[in-house]
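Chains here go by letter, A, B and C, matching the order in which they are written, and residues are numbered from 1 within each.
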Amino acid sequence: MACLRKSVRQIENLYKYKEIVVKKCKGYTQIRLFTTTPLRNALSIKALKELTAAFNSANKDDSKVVFLSGSGSMFCSGLDLQCLRKHSIEERRKAARHLASTLRTFVDTLINFPKVIVVAVNGPAVGIGAAILPLCDIVYASDKAWFHFPYSSLGQTPEGCASLTIPEIMGQAWAGEMLYAGRKLTALEACSSGLVSHVFWPTSLMQEVTPRVQKIVEGSAKMLLTSKALIRSQLKPKLEYVNERECSSLEEIWVSPDFYRQAKIFLERGTADL
Amino acid sequence: MACLRKSVRQIENLYKYKEIVVKKCKGYTQIRLFTTTPLRNALSIKALKELTAAFNSANKDDSKVVFLSGSGSMFCSGLDLQCLRKHSIEERRKAARHLASTLRTFVDTLINFPKVIVVAVNGPAVGIGAAILPLCDIVYASDKAWFHFPYSSLGQTPEGCASLTIPEIMGQAWAGEMLYAGRKLTALEACSSGLVSHVFWPTSLMQEVTPRVQKIVEGSAKMLLTSKALIRSQLKPKLEYVNERECSSLEEIWVSPDFYRQAKIFLERGTADL
Amino acid sequence: MACLRKSVRQIENLYKYKEIVVKKCKGYTQIRLFTTTPLRNALSIKALKELTAAFNSANKDDSKVVFLSGSGSMFCSGLDLQCLRKHSIEERRKAARHLASTLRTFVDTLINFPKVIVVAVNGPAVGIGAAILPLCDIVYASDKAWFHFPYSSLGQTPEGCASLTIPEIMGQAWAGEMLYAGRKLTALEACSSGLVSHVFWPTSLMQEVTPRVQKIVEGSAKMLLTSKALIRSQLKPKLEYVNERECSSLEEIWVSPDFYRQAKIFLERGTADL
């Protein structure tokens, strides 16, 4: 890989990010989730802010593509809801407002990102980890990946525009089973439903995807930007509106006693379930 | 099944509905088509009105979910067009207006139904029987079910918002073959195209689906309502507009001599074909 | 086939069209691409104009359906970009404007065509050849057909409303891989993704499709027109807007030095690649 491993920027990144690893490669920026949360690759407020910063930075530099992946055997285990475990209702309300607003900004950054985003889903993609996939442009997945919105067990409503994108991609019937009944999709089901572009063997995922990313960045930057603008521009206002509504609903749900009870059970058995 | 079989409400329902069977279960309302029409589970004006009333009633009570199915080996054989067989053109026009307006109200009730609707498609779903599936939220089907819009043989235009939902779910190419050329989908094809969430063996359909419905109603009512509002709200005005246009078109088509001739042939061979 | 082979109109058509073959059959018009371009069934300005004229003519006569196919082993190899190989930038700009405006008119004709269009994709469908399929109503394909948008190798942006229709049909993930990374779909993949209605053996494609077209035209003209109006009307303004934007973008891209360099390489290895 033609990565400038020791460049000033690289070293700068080492100090800048704690929850993600950002590498500047020839023509593209590679972002890997590598969180310090107990549950692997859960997105805390810190991780969401770092991701937002890394995307904004890749937007400004000469990268043509952002290449996103997880690490270890997990792609992303969803939002880290630990920050909502507060004793007073006032503190919980504050925490919910903070998490919802950080999430809103991160999702808006993806919605408006003008460059092509390629994802390698190296393992389970849960909650927001699955919801962001339709906001990316090409989604490769390991055969060991699976896709799950645990909203029914959590007592939570959809996030990351999943309430709009999942039914549009796979139809109401599949989306309904995923969003109301917590159906998990295998990688092959996700591919046949249109959520995933291609499935590879777990051991060769990165070897398959990296040259594909390198191939894409050979194309002209102008062609990639203009194509993405044509493909995405009509969706943007709809997605922004849905993101806004979803985050308002989450902020409200997260402070409700119902959610607190259900989420507590869910979080306590958390790691085992995933 | 935790159904309150002998409740006052149950007995009341026995007198209230002739074309459907309504059971109030723990957390959900079960509605089964069980019509008195010669063609099994054809939707007459009476059946449409009873369905509308049953959905409205489930909307007002404490049900979290409506669980809809057919009966015997048939899910629903489409609209019962016998009411259009009138001698005078004036009578036919009146009958067409009545049928179209009853259909419009029923479809609008589904479009605006705020609670989750789970369907078990136990057998063939024809015409409006297939068209309503995308207006529901989770669609389980028996392996023996098939899906058919007999509009080309009938000389009729689409109903139940199929002109919008079918192309959105399966793309113009599949939708075109179904709506213009009367292609029938098997249960597995319907599942891979996104019309159906999951296919089960005919003998175990209800045993598979009932616990799934019971699982869904364990979730918080607020989460289910808010999720459905997020998922559906943007579609509603579009669906209402399409329903209005489809019903106006049907009202006009049903009194045309072309339709009368084609439908007569179709209805006379009716039962055999299904 | 009940074609009026020697009718006055037929003979007239023989003189009128050089790049396509138009046959007036009972109830439908058959249009076959049969171009004089070195690359088989590439769409030159002349071919685009003839196609537009043939569709306009089928719109006015008593055809209920247009039946479109390629010829030989090729359905359509995309736009013929040879006309852009001019020495002066001024000439190139003029040629780009001419090609873009002819393409815009052809695509607008398809978007607004009120009668059902059935396609038999007898072989590879490349670029605009694949892009027009979602603008048609039923798409049958030979098992030997494949589907390819060579935009990344060409350095070109999408055309024929592909930037809207391809993501809507197959989801962002598949569409992204096709439009940014030049993934080719096999006939079976195109069928499972919803781009194609049905796949047939190459040797029996026309024998399978012709009776299907004849069956469709048995239906009432009114039913076909009204159904298509219901199915398509909401899409039209969106498609027209996208077509306009895509053509503006192409006009600009086609005169850029980047495109000229990339397209030259592509065109020189052209035939071999396809």
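Note that in this section a residue touches a chain if its C-beta (ideal position, glycine included) is under 8 Å from a C-beta of that chain, and two chains touch if they have at least 3 such contacts.
By chain, with names taken from UniProt: A, B, C = Putative chromodomain Y-like protein.
In this text the structure is predicted, and so the values were computed from the model without any measurement.
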item	value
Residue-number overlap at the chain A/chain C interface, same or different (half cut)	different
When chain B is superposed on chain C by its C-alpha atoms, the rotation angle in degrees, nearest 5	120
Whole-Å gap separating chain A and chain C, where each centre is the average of the chain's CA atoms	37
Touching two or more other chains - residue numbers and ranges from chain B	168, 170, 192-193
Complex interface listing, chain A residues touching chain B	151-152, 155-158, 163-164, 167-168, 170-177, 179-181, 183, 192-193, 238, 242, 245-246, 249, 253, 256, 258-259, 262
Interfacial residue positions of chain C with respect to chain B in the complex	116, 133-134, 136-139, 165, 168-170, 192-198, 212, 215-216, 219-220, 222-224, 226-228, 230-231, 234
